[in-house]
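Here come two complexes built around chain A, the first alongside chain B, the second alongside chain C.
Presenting the complex of A and B:
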């Protein structure tokens, strides 16, 4: 059996989500675990990939591919898969990777299972369904198998391997793959880690009461070394940018720690965060649904508790 | 110009899985997937007062006609329903083949999708359909403009926004932030009944039964289980911020600080 992992990068950094999937691939126990990197200047990232378990790294080095567009990546992955006979292809979900995975499925007539949170060594995927009220075991009837994993499903763990075998690949792009072009970008500056990559997320909801109170979430996140998330309600109200939105129409995250400040826990939000390892919530409404899936629920005023908690954490860390 | 909008009829409520077929139970009441209403709205906005045609396309059981009627009531001009018992249980590969074949016959300048299906949480179909049609695809469109034969999309990503241009014909999946879908007017609802409505079989779209439904699918559902239970949940009542220490102790115990 052979496994290929699509590694996504932003700037000159490999995305933690895809390194988590690579770590998982290496743990499946296969001899042939390879990664594929596509873009400009990506060859320099190959040794990073080796640290997370790739024995071989396919490098499709092309400056024209640096913009994050899915279709040329479908061409690149299809070539690597077909020429080398990879049976299983794994991707960490993102705006880019979802489109790559689905385009690849159609190109290769290959089965795609998405929103997986785990994969067993006999290649059964685990997919939460119906607002995560049920876990579905899914399989593939043919190869190649394509699997797209929910963000944060696996920790990225460096195993410290040596230099990988680097295979440079050049690709002939399909005509239709080259028609879309990125002509501009507006990148949002973020102080800390992005919410998909963060081990700790402090998220705020309506219960914070006012946009200014988001500083409570920001200060607690800073003290904990985490990122700030938000509910749809506060994003819609303009209190916080969309890039921080967690939930059905935002991001799905599963950090080690999720701290919910003034969040009621509506189903649309729940689906975005309930697979977090540990959930701590503070809400003044004792009947808020969030307490049903919190490991520690605190009934109280977030404006009183959050600053004290921030202070205690700072003291402990100093 | 012709704009096709792909829509899905989804079960109302939280949904249940039929243990015998291992599929989502679609026997109850259903409705237009609300994310698809954004795609219908965007098509109607692009059409404006022009003589462009908006065609809504769905794959599903006969009852999916209800959702297509809703899109017609919003203002779409024509509906196409691909409905065939042999298509039930189609996975992504099979669905993209069926929709791709139907869309190829329609040959629209622009194909629109909503950002996800509220039942299966799928958010990938457009890229597979675009590949079948060999057209450029842009997803997560927060803004969409057309200038002659070129479309310009502001795409939401994890890092901010990309502005993407592509020539028509193209496939675009719109985010639900792109617009506020209109409600059908009474006049629209009455008028919808008279609008052209085609129901197509697999043979009509030119796909073999072996390429559709479970036979044509490359993935399968094997089993169901309850989600892993959370450990012992604790709940404390705060008084004047005194729980901060309890939270810190909990985080220390869990080795999170």
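Presenting the complex of A and C:
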């Protein structure tokens, strides 16, 4: 069995999601774990990849490939897979990776299982179904097997060290792969980490009472070094931007710590954050469903408790 | 007296009628275009497939796509919900063997109970409620299966496609325009925007089901509305996995509905086994009710707390939930004609439902089949002059659809006189096979009922998340994961008296409406969360107007 992991990077940083998948690949117990890096200046990132378990790193170094377009990456991956006979290809879901996975599946006539949250060492994938109420075991009938994992499925854990074997690859791109170009890129300004990457999330719900009260969540997040999330109800009401929405129709997150302020815990919200490591909730309604899946629940007025908590954390930290 | 109808929605049917606008070479041309992949539309497609296979010359003339069906659901069946105990005769007439259909078998036993809070009195089934020879289905599953058969027969099925506008040119329906996709809340195109397109057809069949959007537009545009206004009932149902399903179908009357005439709470419940380990339980209530606190969803929750019913569900788990309106005006509310130039109307959209018998699926199938035959006959002759589709109207009027609906024409209305009086009259009507003529009983549109506050809400149980559920977790169980930033598809007056706002809040089984801020003059604003909507149609009956949301959104039913 040989495993290849597609690593996505932005700027000079490897994405946490794909490092998580690489960590998982290394943990499957096979020595032949390799990673692919595509873009400009990516060679420098190869040693980072080694830390997370890649014994070998294929580098497709080309400044022209820095824009995050899928098709050239399909060419690069297809070449690496075909020439080296990789049987299993893993990707961490993102807008780019989903396109690459789909393109690769079509190109290699390969089976693609997507939205997986786990993979066993005998290559059985786990996919949530029916609104995440059950898990389905999925497999592949042929090789290469392509798997796309849901964001936040695995923690990235540095294990190995040392220099990987770096293999530089040059790729002849198909003509149709070069047709698309990126004409502009906009970055949404936001303070602090994004909610997909944050280890700590402080999320606010309708219980905050008014849009101004969101500052309670923001201050607590700042004190904890975390990001701010929101429920659909407050996004709908225009209190907070959609990009912060957590839940069935927003983002799915799994931080180490999730602090829920004034969130009732409707199932639509729950499915977006239930895999968080520790869930702490503050709500004045003792019957709120969120207490059923919180590790620590505080029944009380969030307007009183949150500022004190922020103060306490600031004191501890200083 | 406050009435919801005094606060009409900002809606005008003319907005949804247009000439084709796409350049001629970009229009998608089909032979027969069917709107709605339900029992009527699919039966129509299947029958057309059979006729065209027998007459390849006609198929040839219809071009590359002789038959196309558009449906707004994620896949065929996603928006289908019914009881459903179905009279299988029209399915057999389409050439299917009943054993091949995805069903839960024929009805073997049945029981009817009149409930009180603690007890259940078994009564002999009234003549209209006898189900011998009928089969139990999940309509969603049946729709998915029929869609596969329609595709095998050569029809092109286009799911995730809303039919938004009726294309009319020189007084003739020439197809539909599909809805735009990928717009944001303000209606501006986003990165993945996809504009709608003109689907041009020689014959268009509207088989949209209850509260059909273009059906309503067509009835107004061509002046086809019947003598009496259409009225509706709302059904909310759940599918449960249970240790042991009941051995037969069960219907209940009485509790938790209140029997006093002034409340006008007309309805009942059904419990049908689905194999050995599943059952479906539903509550149906007429939307001519008056108490602003009435919520069919919560009445269903209340029903499940009855000791007899809780026992059936013990040890079980709710696996799906859904809601849908049922047209209940019957014979007097049928349109004057079921056709217009280039257009045929079939199924629930025009109200082909027999309320006392709780049946409509077989009328939908039959009317779809008759529509196919009429469309085919007209296409075979080559021309489609204005009246060439009239044969459909004659066929429906001389079919069992008309006979059945005529027999029970007054039954729905008599229940307005109170449960017991109404029940007695209804029995007399069936026993006399429709010969007892009470004259035409006026039905008022549901939205014109004067509103009162009758304390309904005090009876609802607090949801425990095991036997009883709140609305939001129920929306989740409908499979609805509509994106929150799509344009609002619900037309509604946003500033209304508090009673009207409360009526809508309680009416909606999917928690779409919320009472907003007070205006100080007795009015309040109405907040709307359109992505919760499961497109049941209740709001259209009670003073709002649904339009089609983005194709592919809404519930994703699989077992309802």
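Assume the second predicted complex is superposed on the first by the 314 of 318 C-alpha atoms of A that agree within 3 Å, B and C clash if a C-alpha of one lies under 4 Å from a C-alpha of the other, contacts with A are read in each partner's own complex, and residues count from 1 in each chain.
In the analysis below, a contact is a pair of C-beta atoms (placed from the backbone, for glycine too) under 8 Å apart; a residue touches a chain by one contact, two chains touch by 3 or more.
Since this is a predicted model, take the numbers as computed values, not measurements.
*Asks:* Clash or fit: chain B against chain C, after overlaying the two structures on chain A?
*Replies:* clash
*Asks:* For A:308 in the superposed arrangement: first (chain B), second (chain C), both or neither?
*Replies:* The answer is first: A:308 touches chain B but not chain C.
*Asks:* For A:141, using the defined touch cut-off, is the partner it touches chain B, chain C, both, or neither? Pick first, second, both or neither.
*Replies:* First partner only, chain B.
*Asks:* Who does A:266 touch here: chain B (first), chain C (second), both, or neither?
*Replies:* Second partner only.
*Asks:* Just to be sure I read the superposition right, which of the two partners does A:47 touch: chain B = first, chain C = second, or both, or neither?
*Replies:* In the superposed model, A:47 contacts neither chain B nor chain C.
*Asks:* Looking at A:278 after the superposition, I want to know if it touches chain B, chain C, both of them or none. Which is it: first, second, both, neither?
*Replies:* So A:278 only meets chain B here.
*Asks:* Could you say whether A:84 touches chain B, chain C, both of them, or neither, answering first, second, both or neither?
*Replies:* After superposing on A, A:84 lies clear of both chain B and chain C.
*Asks:* I want to verify the contact counts: of chain B and chain C, which reaches more residues of chain A?
*Replies:* Comparing chain B with chain C, the partner touching more chain A residues is B.
*Asks:* Taking the superposition as given, does A:289 touch the first partner, chain B, the second, chain C, both, or neither?
*Replies:* In the superposition, A:289 touches chain C alone.
*Asks:* I'd like to know which partner A:242 touches here: chain B for first, chain C for second, both or neither.
*Replies:* In the superposition, A:242 contacts both chain B and chain C.
*Asks:* Select, from 127-135, 163-171, 181-189 or 235-243, the region of chain B that bumps into chain C once both structures are placed on the shared chain.
*Replies:* The answer is stretch 181-189.
*Asks:* Where on chain A do chain B and chain C both make contact?
*Replies:* In the superposed arrangement, which is not itself an observed complex, chain A uses residues 130-131, 242, 248-249 for both chain B and chain C.
*Asks:* Under the definition above, what is the set of chain A residues touching chain B in their complex?
*Replies:* 10, 67-71, 74, 94-96, 98-103, 105-107, 109-115, 124, 128-142, 148, 174-177, 179-188, 194, 196, 200, 224, 242-243, 248-249, 251, 256-257, 271, 278-280, 282, 286, 291, 293-301, 304-305, 307-309, 311-313, 316-317
*Asks:* Where on chain C does chain A make contact in their complex?
*Replies:* Interface residues on the chain C side: 465, 472-473, 475-476, 479, 481-485, 527, 529, 531.
*Asks:* Okay, in this complex, where on chain A does chain C touch?
*Replies:* 130-131, 232-233, 235-237, 242, 245, 248-250, 266-268, 289
*Asks:* With touch defined as at the start, can you tell me which chain B residues reach chain A in the complex?
*Replies:* 14-17, 91-93, 96-97, 100, 115-116, 118, 120-132, 134-140, 152, 155-167, 170, 175-177, 217-228, 230-231, 233-241, 243-248, 250-252, 254, 256-257
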